[in-house]
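Each of the next two complexes has chain A plus one more chain, namely chain B in the first and chain C in the second.
On to the complex of A and B.
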């Protein structure tokens, strides 16, 4: 009775063992097939994306050329007219463009380089070791409060409606995505900007959390204007109806 | 006999042990493969979104390029008289001034009223977070207590007493107005774990009201809000 019972137990166990081993093998084989199929799909997607990106870049350059040609044509027509009124208007337009952040500019300022705490990326709570949108927002705010006149992040000019939005490991600015390292350039009085950074609470927290922060001042740095080749200004204000306009 | 019994027991224990290990392994590998394929799917969705975005961009840019090219050709062939050029300059001037936030504008959007509770005061970070969320939802004009948000607008708490916006002091309550797609903006504020959740946790009283005719004034600038005296315009080729 006891021997028979033991045999039955052993038998059941071996059956189970066999079953489990075969399931395991099946899962592994399945997984391999799935992964290779997925890789094929996403590789194709990546290829298509790269192709389109290249295509769009070429088109962007062409648009920039056409915009420049338009500018030159306008200017030549204005000088042909020899009209003081038109020249004044043209100069006024350029001033407003400068104020709106549509013109590339140089000036004194600070360059801030930020990178995630790379060496520590492996450890448990990675969330505090990476740069967040709120960090960038707070830093920009500190710089603005210290009288910054033009700011760019990774070459993306900050204008009135520029967002800084975290999406996974990237930050979205002006609808374009950027990954670390981030380079913030702020033009203004370098001493005031630097002082603001040194007393910035947020920057202190970031340094404490081992975010890599590098700051240097310069007498002349370039900040590009908003790229208007890949987006039409009008689409950014399609919902706005202008109420007052003293421009005739 | 006792030896035989011990041997059997050991064998049985071994079988049980390996069974346990294998079961655990099996469970883990199925679990793992599920999260891995979940990640793969997420990545693929992101790639597809990116592809669609790029295709849309291409179509828009192609249209714009054709338009520009044709207009340039027209100018070259027919020239422009004084009136044409005045109209063009005026149109662009209004556009750029609107973009910079210098003009009064009207449109559909949201009116958000925000009042602090007794526990926490509203800080600069809260307002920054809110307007960033609105910007990300494609807001086209924003104001806080009728201070137009322009590129270099600061929102800065001064020792929890008041908040400086465009160089002026404000305290709770705050009225934030935003023009854009009302539904899209409201959705992004109400997202789970979004700003509204955060604000409720801080005991702020908030109401969001959709409207077809939000009016937002141009920036009130005494010369200190939009400054460019340190900037030298440069025409840099790409």
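On to the complex of A and C.
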């Protein structure tokens, strides 16, 4: 064995040793990172979310019950006093509630189901596959232009102050977040609404980008009233100066 | 000099290469590394004493690593931690060889014969 040969063998062996040591260290470091990520325990977080959601649902039912009770109490007071003035006020209140979108309503209309386009295509700009807040706003405006009387998105009544705000992968409506699919219900003349949708420029772009759009008309659909639990209407009203109290 | 160059080259290569050993083999690899280190220290001590033999070094380097890994594997299958034996044996020998190296250098640096 020549000296040069020995040197090469020695060199190769130490390269091997260094190689295996560094790979081992790399693997161990990777594993430690994985373990520390596991410690976050997404399951626990999911559980917390589900628990809070369940609590929310229970509270929601309680709110509805309390509202119903208040309504019954108001009615009983009116019938007890048998006052014409009170009855007129009550009817006026109901009209205002209806106009403000605070009550649930039923009527003919259209149901539009929207979902993100399937990400099957190779595409450089994935943004066009997604439904954006601006899409929703444009559609709502088209529906309003066609005389929609009451609109809801995923059961969230749209009123004058409702926002449709893009919040990451969700859209925020009335301070609640919703993900796809979106179901827009618009009450009004179904034919008019349908025609408005067919001629909607934004909807045409959306179908071109293969966003899932499914429109059907119905004789009778329910649109819920505005859920005021999340909206501090009271504080808003108290800070506003009422100039013209007549209800037209 | 050659060993250090080789070690550095190997470490750089290992960091750059996108190759990983599956995590479930990490204990076998660790024991194999320990065995190889034992051979390295043994080789270093031997070369200081002028007794270095490349064939013995190569066979010890690969043979010990393979046997240590194999023992660790068999131990896993049997449910007994045989790799502890490898850790103890090789660890012990590493310290012994290091002691030889240490004495050699101290002797050389201090020129004091009493160190041995």
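In this text, the second predicted complex is superposed on the first by the 186 of 248 C-alpha atoms of A that agree within 3 Å, B and C clash if a C-alpha of one lies under 4 Å from a C-alpha of the other, contacts with A are read in each partner's own complex, and residues count from 1 in each chain.
Simple rule for what comes next: a contact is a pair of C-beta atoms (placed from the backbone, for glycine too) under 8 Å apart; a residue touches a chain by one contact, two chains touch by 3 or more.
Predicted model only: the values in this text are computed from it and were never measured.
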Quick one: classify A:204 as touching chain B (first), chain C (second), both or neither.
neither
Applying the document's definition of touch, where does A:54 land relative to chain B and chain C: first, second, both, or neither?
neither
Once chain A of both complexes is superposed, is A:159 in touch with chain B (first), chain C (second), both, or neither?
first
Quick one: is A:75 in contact with chain B, with chain C, with both, or with neither? Answer first, second, both or neither.
neither
Tell me which partner A:20 touches in the superposition: chain B (first), chain C (second), both or neither.
both
With both structures superposed, pick whichever of chain B and chain C touches the larger number of chain A residues.
B
For A:31, select first, second, both or neither according to whether it touches chain B, chain C, the two together, or no partner.
both
Identify the partner contact of A:11: answer first if only chain B is touched, second if only chain C is, both if each is, neither if none is.
second
Give me the intersection of chain A's contacts with chain B and its contacts with chain C, in residue numbers.
6, 9-10, 13-14, 16-17, 20-21, 23-24, 27-28, 31
Under the definition above, what is the set of chain A residues touching chain B in their complex?
6, 9-10, 13-14, 16-17, 20-21, 23-24, 27-28, 31, 34-35, 38, 41-42, 45-46, 48-49, 52-53, 55-56, 59-64, 66-67, 69-70, 73-74, 77-78, 81, 83, 85-86, 89-90, 92-108, 133-134, 137-138, 141, 144-145, 147-151, 158-165, 172, 187-189, 222, 224, 229-245, 247-248
Under the stated contact criterion, what part of chain C meets chain A in this complex?
2-15, 17, 19-21, 23, 26, 29-30, 32-33, 36-37, 40, 54, 57-58, 61
Contacts from chain B onto chain A in the complex sit at residues 8, 12, 15-16, 18-19, 22-23, 25-26, 29-30, 33, 36-37, 40, 43-44, 47-48, 50-51, 54-55, 57-58, 60-62, 64-65, 68-69, 71-72, 75-76, 79-80, 82, 85-86, 88-90, 92-109, 124-125, 128-129, 132, 135-136, 139-142, 149-156, 164, 179-181, 215, 218, 226-236, 238
For the complex, give me every residue of chain A touching chain C.
1, 6-7, 9-24, 26-28, 30-31
